[in-house]
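Taking it in order: structure first as structure tokens, then the write-up.
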Amino acid sequence: MFIGLYNYWVVIVLMMVGFYIVIAHGNLIKKIVGLSIFQTSVFIFYISMAKVDGGSAPILADEINQYSNPLPQVLILTAIVVGIATTALALALAVRIKEAYGSIEEDEIQKQDNLD
Amino acid sequence: MSLSLESMLQFSIILPLLATIGIVATGHKPNLREAVTITTSLVVLYFVISLYQGLQQGESISVYWGELLPGLKISFSIEPLGMLFALIASFLWLITTVYAIGYMRGHHEQNQTRFYSCFAIAISSVMGIAFADNLFTLFIFYEVLTLSTYPLVTHAGTEDAKKGGRVYLGILLSTSILFFLLAIISTWFVAGTLDFKQGGVFAPDVNPLVAGTILVLFIFGIGKAAIMPFHRWLPAAMVAPTPVSALLHAVAVVKAGVFTVLKVCVFIFGIDLLAILPSTQFLLYLAGASVLLASLVAMRQDNLKARLAYSTVSQLGYITMGALMATSAGVVGGSMHIATHAFGKITLFFCAGAILVAAHKSEISQMRSLGRQMPITMIAFFIASLSIIGLPPTGGTWSKWYLLMGTLESEQFILMCILIISSLLNIAYLLPIPFHAFFSGDKSSTPDSGIKEAPLPSLIALSITTVGCVILFVYPQPLYDLAKAILAT
Amino acid sequence: MIVHLPILQVIIPLMAAPLCLLLTRPRLAWLFSLIASGLAFLISGMLLQQVMTSGTIIYEMGGWEAPWGIEYRIDQLNALLLLIISALSTIVLFAAETSIHKEIPADKHTLFYVLYLLSLAAMLGIVATGDAFNVFVFLEISSLSAYALIALGQDRRALWASYQYLIMGTIGATFILIGIGLMYQMTGTLNMYDLSIRLPEVAQTRTVFTAFAFVIVGICLKLAMFPLHLWLPNAYAYAPSIVTAFFAATATKVAIYLLIRFTFSVFGLSFSFTHLPLQLLFVTLGLVGVFVASTAAIYQTNVKHLFAYSSIAQIGYMIVGFSISTAAGLTATLLHLFNHALMKGALFLALGAVMYRIGSTQLSNFQGLGRQMPVTMAAIVIGGLSLIGVPLTVGFVSKWYLVLAVIENGWWPVAVLILAGSLLAIVYVWRIVEVAYFKPALAGTETIQEAPLSFLIPVWTLVIANIYFGIDTRLSVQVAQAASQSLFGVSP
Amino acid sequence: MKDLLAVAMLLSIYGLLSASFFVAMDAVDVAFTEASVGAGISTLLMLVAISMTGRAEHPSRHKPLLALAVVIVTGSLLIYGTLDMPYFGSAEAPIHQHIAPRYINDSMQEIGVPNIVTSVLASYRAFDTFGEVVVIFTAGMGVLALLSVVRRSPVDIAKIVLFNDAMHERHLILRIVTKIMIPFILLFAFYVQFHGDFGPGGGFQAGVIFASAIFVYTMLFGMNTARRVINQSFIQVLAAIGVLLYGCVGVVSLFNGKKFFDYSALAIDPVAGQHLGILFIELGVGLTVASVMVIIFFNFAGRNETPRNSDKQDL
Amino acid sequence: MDAFIHISSSLFLLIGSFLCLSGGIGILRFPDFYTRMHAVGVTETLATAMILIGLILYNPDFLVDVKLVIILLMTLFISPTAGHALANAAMLNDKMQKDDNKQNSEVKSSTS
């Protein structure tokens, strides 16, 4: 039981690390880093689903008969692009917030908000 | 012009709405605007009377407008109680318009166009309530009435007008949404239909507990009937100009509330079911309490309009008691009281308005020696208070008589005592006013020459309603037949 | 062409967005996006008509049949949502041209229209698709364009609100991705209809529970349900008023559609409501949400905040309707969904008009507006009345069905609480009316005149729709009932 | 880790590591994308953002306990969820039974492309990839909307030449090497673009590599020269054309009476049609991704210049 | 013949990996930036070259060998440049630091 699911638990630990960074850290850039870790770990989770013991990459070659499942890989291709799109937008927002507020620390921004 | 009765019925509701457009269109020319209002009220009165004759010949008239929600129709029909209410409302609308012209001109009120248009919308919703064939249509016009009277109550636009308006709307809207709507939906759920049916809509085997709670929800829900816990909006609405408080709070809004109570008791629950419900007894005592307490509070009010407001609250208590007594005499007494109280109270309000316009006095203590300067107003005031108290020369006697008969029929002796005591209290807070006005003419204060009688149109309206009170006593037959017919058909 | 309607519905606004980028002048871009949105509205009308006559429409993408390729499955529920979204977007777009002149820098207008069309197409895509992963992709498009549109707001706080929305939104989307992944792992398919067939066999396993939990939490984050609603008030208050009007009327509706679709069609009624105490949880969260949001709305000084909190309260009502899990309950939710879109669309557009004239929606500078902008204020009053649920307005119809459904289910206290909730609505609507009509106008504000016509036409079309659908409820009630029957009878 | 630059570096190493995970788990295409996108572009954007928002991170860590609690709850829920999962790599897991066999066995006959991932990506689930292209397009538009700066001063040529020479002596070696490297990078990008059917590769990876060639050029030869080589509005048009190209492939199959994205309508013989369709799709994707990445980078870097206007041009 | 190729390729791989290891230890042990740079710069290029040659020998398929040769050329080309760029930037960075504290020191000296 333990060996079979070991892979998923590692992925879950990684997910939770990413999730923790997003919630605990005040720095906006740190949050984006946490977010991308969180998303990358979800990708690894999908791909570890698709692996078949002894199977090779899903490129049709005559002598190989056992292939890994191509479908999760297609999903992950889309998800990676979605991840990078969100990170790009988040970084753009962080830059604009730095210009507007002069800082990218959550509590300083909150302080300035409560003032005006 | 031989309009079919059905189209007359519809026109009596739509015409005031058209009048509003007419009034707004002719806003800047006051005389034309007044002419539009008067002609519409006359036409509506003519329609209602012809509908009344139609009813006399036993024709059943009903109109179906449309289906708002599957199963919930907007439809109207003529039945004696609705006819009684419509007659009073349309007749008094004409009178109050005449009175309002005099009052508004004399008092130089601003934005009168808004005043008249809201007035017309209120009357069209009153007509809608009167002729509603099911509870759903009645609820729609009930809400429209509340919303259309809000601008009238806050007519002055001052700070305390806003406060009065907030209390007015707060109580009326919250009671109607919280209790009334809940009651309607539960009736729809329990009984399956909302149409008014003779002898009640609920199946005979409905369990009394559920029907009892629905009755309590109804009585508390109809905030317009000003039962004790929810009566505070009526005195708060006195901040409005007098014609508003005259028609709306003596006749239209308040009567709509009590009319709905009667309709619910007679046509939703039915007399026999009402008798066996556990909550009827508790509600009867509640109505009695509101009658007594309101009269006591009225005695201490120095402002004339506030006193009249509290007396309206107590008179409404009478009608609710009449409805809840679950006896034929009680219902007849209650419905007759609607008419007599309407005429009596509207005259009192007209006098209050006339005094305000002519003598700029609103506190009772200042009215010590008005008898000589404003004789007609004071006489009208005297006769109207007799009608409210229920003494012979005025119509009030009959309605109080049947109410007492009702209490006897249902052996509610405690209620009988309440009725008698409150009539005595009526005397206590109404009669001193005309008495001081005429007889306590202390020589010292030279009659301040400036005061002369109220403007002519107000006086005309005043005298017509006083004569109305007397006629109701002398020739009550048509009113009585209508009241009797409620339970018969 | 009739066969291709479902895909044309999504493709026309989607292809219009890049084309719109190529147009240089913003006015041309505005006209172009108006035509695209109008076409989408037309198609959704035809689709609804087709669905009501001939039942569910299935459209396989690329010719591959269902579980292998992606398919579009339009039933009454989708058709209703498609109609609402495209109708609202067309009406809101009318006022866009004048409104963004005052709120968005000139060089970004074309970009605004591109992002607007993208979010419209994405929402239509979410609602129309029958494939779980496709929902995630289009959800991501709509959220990305939402973050960018909100960040276009004048106030610097719009940036901060958009950033918080981004963090919460991405977490929500990733939760949904995890949920879909777990579901895929246990059943091997991504197609919703196929999932609903294969899930019951594996329903008892713990993985499917976690999948269900993650999907629901992800959707609730997007839905701004009570505990997870923190991002919504700031996001709606500081975004440009056209964006607020559009998202207030459609974004949360799409999330509710997803909630209904996943609990009823994919996981099936038996699984969603019997195993987990979902029903009790949702009723309590809904009601607590209604009261907390309404009381918060009462104390707001900015009117946009006020209506944003009232949106959360209305969502609470929908959640309560949804949690009754009977056909009547679902009809009530769908009706309220339809009506709330109309109400909030009208209110926020009217606020856009006020913003256009006065430049801010603080309650203090609403004073004396009753006389200066009578038509707009009348629209706000009628919108407020229908929010309270006064008869002859659209709010009354949904309140009537909601209370009826609750009573049929025997929850009398819940019925009383719902009606008490609408009392709170009276308080915060009347705060605005009193400030606007009773307080005298501020010193320097005599010059304000009525909002321009391009605002008044959309606002008043929505207000008239508010009243019309309050009276002639045939369309909304019929479609809602057909949709809930189809969800309860046989799953599509 | 207080220094954000170090964090960015570690993130890129993490990206590379996860790419090697994917290779180990036979997901070659995904590894390629993760390496190029996850490790390459995101680190680059992170560095640009950090250069603008400062490297230091304040040590204030607010509400750690609440975060810990939430994390533990979600984590335990997930672990609870994994208990019934099929074992890692077990062949009889449901996902290998239901849809995958058809892709593996029939995709050769139906689409005739050895790389199954590309066949699924471009044909079976073409609409997903279309959504993906639109996601990238939206991100590009979003960044444009946020960071685009109205170009005020017309850049005069003399200033650029002067600026180039000043730069020249400092980055001599780097410039020479990149001058040699860039053509090879572009060549490799095109190779990857058209090689997608047979081996790992495809539109995304090609677009990103193409864009990275442009980034190297911009970083070394300065923004102004780069902006003269690739003007902004043309890139935006290119992005729009990429998406439209992708969409039109579907619309064409619509007009030929087939369903949306059904490539058999493109040519008489269905398999040839598939090839043609996939070719155009990949081209559309590559075009969009490359132009969007360039847009994002130019806007980020452009934003960097205006506030400080110093001629320090490390970027 | 192939036995000989096998031995030589495994030999190459062994040396390559050993060099990598030494490079790694070098980074950890050396005191400041530049020495570490030196350790990595040298070993990395050589190690990758060695491993690649080992792979070429090991793999029979011609096409793969061509690709490997291209990769070999690329790495030989790029990693020294990368090392140079890194050192250059570091040197530039230190120079600026020195100028700054030189300025402050002058300022201090002038004011004191």
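By written order: A, B, C, D and E. Residues from 1 in each chain.
Please note the rule applied: contacts are C-beta pairs under 8 Å (C-beta built on N, C-alpha and C of every residue); 3 or more make two chains touch, one makes a residue touch a chain.
Here the structure is a predicted model, which means the values were calculated and not measured.
Minimum number of contact steps separating chain C from chain E: 2. Any chain touching chain A that also touches chain C appears here: D. Nearest to the global CA centroid, when each chain is reduced to the mean of its CA atoms, is chain C. More contacting C-beta pairs link the chains of B-C than the other of the two pairs B-C and D-E.
Farthest chain from chain B, judged by C-alpha centroids: E.
Between the CA-based centres of chain B and chain D the separation comes to 76 Å, rounded to the whole angstrom.
Distance between chain A and chain E, defined via averaged C-alpha coordinates, is recorded as 30 Å.
One finds 15 Å separating the Cα centroids of chain A and chain D. Taking each chain's centre as the mean of its C-alpha atoms, chain B lies 99 Å from chain E.
Shared interface positions of chain C, defined as residues touching 2 or more other chains, are 133, 137, 140, 144, 147-148, 151, 178, 184-185, 190. For chain B, residues touching at least two other chains: there are none.
Of all residues in chain A, those that touch two or more other chains are 15, 19, 28, 49, 71-72, 75, 78, 82, 85-86, 89, 93-94, 96. Chain pairs that touch, as defined above: A-C, A-D, B-C, C-D, D-E. If you check the complex, the residues on chain D that touch chain E are 170-171, 173-174, 177, 180-181, 184, 314. Contact residues of chain E toward chain D in the complex are 74, 77-78, 81, 84-85, 88-89, 92.
Remark: chain B residues 66, 68-70, 139-140, 143-144, 147, 154, 157, 159, 161-162, 166, 169-170, 173-174, 177-178, 181-182, 185-186, 188-189 touch chain C in the complex. Put simply, chain C touches chain B in their complex at residues 385, 388-392, 397, 399-401, 403-404, 407-408, 415-416, 419-420, 422-423, 426, 430, 434, 437-438, 471-473, 477. For chain A in complex with chain C, the touching residues are 15, 19, 22, 28, 31, 35, 38-39, 42, 45-46, 49, 71-72, 75, 78-79, 82, 85-86, 89-90, 93-94, 96-97, 100-101, 109, 113.
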